[in-house]
């Protein structure tokens, strides 16, 4: 098991390096326009967000509508940190790569978001389902309103700040190459997390929380853990966002933003990280592709969503994970019992059965 | 000056696709969908009106203007995507947009990087044009407008005690409030009550207004948009028993279309504006008539007028530069003088107009020019 | 009465004014949630539909010599029709194949759809709604009570009582409860499940029209997005009171209205200006969170744990 | 025998006026298999719920190996050594059979978050060890060939067995089985019986069993406790219970014209 | 009275029922026995439209049931005690029973039927005001059975009515089936407890992995060696 896993990790790494190579070539030879690069950057952010939300929404099975709030915490934290570093002349100047500051900032953003994740998660996760949805939505809104009213988080920030204004003048030091690898690492970490005893416990709790505690799992711990991990990555995504967009307004982290990411999770398949990756890309690109239709694009977007929900209610992939290894094996004609394919099917019918039996 | 001798009826279609050499392409960004869509609508109408006029009059440098109108949904990321798309298109010589300060703040650094003019018709937050060479605007900035309101209160209305109601979550409203309060001190006004709402989209301000009515303020500064002034703020203030002056900024323009049936409620309300619709100058009258004919008076407001002027500012710059080169346009626009619907002005070194404000007063449902104030 | 007391009473009345509107909207939310366990995010947008319906039919009513509020009859019909259509076209197919989550997403998408459709049809510019009725204000000394507020509360309470009676005692009401608990068993009992759900939507959306009448009377403007925040607040109200519980929706709406108004009025003074009235939404959510933590199923909610 | 595995003293619980369990006393020694029977709604499942922390007793206390267990949450009780199965099967339906069992080895997993995130050696070691342990358990129930099946796809009888296997994985000292034979046909019941015998031999654990299938109860229980309306009405050896007139009146029923229950499911 | 012919049912790709045919005559008690997962529940579900059939005929008193609207089946006199009880968890016992008589217009009969159910299951009378979700497993089973009897059915489909019941109540249930039989009510009975099922049935069918493998008089099947081995645990 270890061997095959190393092998598939290597294959994945090779594929990623190839993708990255293509990316470098496309960028360096100016084949990719700024526009496309911007969208790719947003895709990376969306991917991290969607995957992070998948941990709570998909794997833990709790409807949480506060993701954007944590993203906001990460964004503001990271922005304030790089601003502070810049004004205090820490890690800036000749020879010091911006990337270093950037990485420190997004990590800090993730950590603060995670801390808030714990604080919010402990009370919130006592509730379930729709109640949790509304309570996380509420926390998200509270975070937004508080940020909005903090003077040092508006305008030029710090003592020159003014509440209600967009925080401007954030160093736009998010480099697409760096962000690409940050995204890869985030997704990989979430993947290893989900494929460990922690992930297993989280999935078990979604299946049946009473049986989970009867198996000795401390469900509060695991729920809060899942929520915290998810908040951490949301914070990281926020940090990247801040340094891409260069100015922040609290309004962009409202509950509608949270639902956008939940939509990505459901669209890609609850419980499939690769599904979230694909959905994040598709749903980020879709409104752009629909620009031609200008006024009608949001109509088209909503109709497209409804149609997908009608014809593919478990999302594009269900719980199926796309695997390069499997793909290669398939191409090479090797037969491999594809366990997760079976799993995906069961889940599809399983949810239906639940509906019937209730 | 702006060309105003054409009616909209014989305008050529703006989307006419012709070869690059024969047209001048201008990009626009505004919130055309989502909950700020009403602002986007007014701006797009204003832009279209101006472009149609210019094209009908023979275009610029002998070429027709073609617009690429993109939507930002009021969202910074969408705005950035839209901007990149326009900047990447080498045919686009300048960008008009965006409407809100939040989104425009995000576009400003991009404009500088891509070296393309970003002319915002309406983003009034002070910081928007601060740092960036390529960013200009057609409107005055919040700190100026807020100051003028205080000046009017102190010097013309001669009130002493004032109250403020603002939306802390809205850059426009919060910015104006800050400027007003700063200036209030300077002009010897006493702020006796200050209340806030979390956004400009609230519908109920009764609680705050009851408090204000309970204070001894004679004057209320409420920097909101017409969409909440007409149906909510003024009637609720009057219902709460506040009979003093209610004053706002350019966001009040358009209130006439959103007033409730009892127009007398709006008497004793003033606002600072970029222009006065009943200004008898040809520029204003032509604009008002042409706009109302084409899009109806409902969405006619300062946003539309500013957008309209922005197009003419850009036209003038292109003519002056005698080129559609992006940098040339920038150089031409920098420090330009302009006279249009929203007044005559010169751009300062940050790219913000220095212009006088028109004080408009509501009288039985009509907006009437009261006075003009300058520094 | 001292000035402060007068102000306090006025603030309570302010709270009742918006609270009674929330309550009316929340009733519709709770109704639908109670039966199909779906947070119908589009419910707020039904209110929007109702407002436009009123906006365009009021002049017709008046021109026919009828009172303007009669337009609500047509608005109810239109809203019910929209509700039924939404149910048939989107919710039903998703319910058949999907899970809770996909149903929720469908509802959100439907909300987006209705808002954008309205924008395409009516334009984004806000449209003023004329005076629907001017109920005389009642004056008690220094306190003036807005007539519309009283009417909204009266209508809210009557609707609540009628709904409660309806669900508990009529055949259709009983079938709604049965369907909500176990659709399969309900069919075995001879209940027409689809018709029951359709009727639920018809009633819930018809209620939205009533709510929009009262809403427009107090807040006379229609825009494509008025439903969004209103719907959210009403939903919070329904959850606060105990979602699925009819009197809970009423109570929740009033509580939210009062919390909002009182926090806007007093929070600044109470906290020495650290927290301002702009925090009122945050405070509303804060109260909701506290209530849910103490009583996880809402104020009037019954806590039926799962039997192991 | 020194301290008994389980000792419950005067346990009781009330649901809104209804005394579901009243003054329940039981002592179970190591390796013992005790039956808990009684009419429907007598409070048997409620006793299980009390013993596993689902409900907190309103009266009395219970001890595991002498340690007081009141006030503990479900997972704490399980970790202390009481595991159970449920009257309505509760498996992790969308997970594989192997995963179902691995989950319950929670206590044996020692690796930490960092090990998991970065797949450090400890992660591999633990995962491997526990997988082996889990497979061993599955073998006892003849489920090793189904390790990769999704739990929901197993036939009913095997789901029951899997639930028992999962309970065993918690490393408990006392196993509570709630109607394990319900819905099984006589052949499957017989298989279940031999399984229970195997685990008793292998693990030497104590078992408390709720069951309505008297053929099973009479065959494997060493002692039986009978409750009715929450009250203990009889205790004793299977034989004594079968003849106890109170038990017959309340639970077993007198023989009559219908075929006798007892031997219906007997066999194999 | 009830005729099923060449019925085929699928769950996704799983072919659950293969060409099943069976008949139930007026006044008969017919048993359907078989191992777990054989398709017994599926058969009952298909008859009462809880599950859709792929092909085949379901005829009830000459009427094509597959064409009937699903909620009208009970009005035709067919009641179903579903597997897994399916009581209305948040309604009281009494309300549950009232739901069982949803299609009945005559209040007096409803009252009489309720008294009859309480007579069969005195336990339910004790628990009349309790919400059904908190009843014990066995109590819920009684409620589900009682609820089906509320509508004066001509035929009752019972899916493992003895599951989870105490020995005393198992006898009780079979007694009730006998009473129904005596009163001329037709019963189609699915049971794990094959011995008892066969002993009270007139005829029986044995279902094996989705096909009928055997059928005949119940008393004959009871003596059949194969049946004994497979289902009676002999």
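By written order: A, B, C, D and E. Residues from 1 in each chain.
Methods note: a contact is a pair of C-beta atoms (placed from the backbone, for glycine too) under 8 Å apart; a residue touches a chain by one contact, two chains touch by 3 or more.
This one's a predicted model, so the numbers in the text were calculated from it and none came from an experiment.
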item: Chain whose mean Cα position lies farthest from subunit D; value: B
item: Chain pair showing more contacts of the two, C-E and A-D; value: A-D
item: Centre-to-centre distance between subunit C and subunit B (centres being mean Cα positions), rounded to whole Å; value: 35
item: Cα-centroid distance, subunit D relative to subunit E, in whole angstrom; value: 30
item: Geometric centre distance via CA averages, subunit D-subunit C, whole Å; value: 48
item: Where subunit E touches two or more other chains at once, by residue number; value: 50, 86, 134
item: In subunit C, residues with contacts to at least two other chains; value: 116, 119, 182, 184, 276, 278-279, 281-282, 308
item: Subunit D, residues touching no fewer than two other chains; value: 45, 54, 86
item: Contact footprint of subunit D on subunit A as seen in their complex; value: 1-2, 189, 192-193, 196-198, 200-201, 203-204, 207-208, 210-219, 225, 319, 337, 339, 342-343, 346-347, 350
item: Sites on subunit A touched by subunit C in the complex; value: 57, 63, 123-124, 126-127, 129-131, 133-135, 137-139, 141-142, 145-146, 148-149, 210, 255, 259, 262-263, 266-267, 270, 295-296, 298-299, 301-303, 305-306, 309-310, 313-315, 351-352, 354-358
item: Complex interface listing, subunit A residues touching subunit B; value: 33-35, 37-39, 42, 145, 148-149, 154-156, 162-166, 168-169, 172, 241, 244-252, 287-288, 291, 294-295, 297-298
item: Interfacial residue positions of subunit D with respect to subunit A in the complex; value: 52, 54, 73-75, 78-79, 83-84, 86, 90-96, 99, 102-104, 106-107, 109, 111, 113, 115-119, 123-124, 126-128, 131, 148, 150, 152-153, 166-167, 169-170
item: Touching residues on subunit E, where the partner in the complex is subunit C; value: 48-50, 69-75, 79-80, 82, 86-91, 95, 98-100, 102-103, 131, 133-134, 147, 151
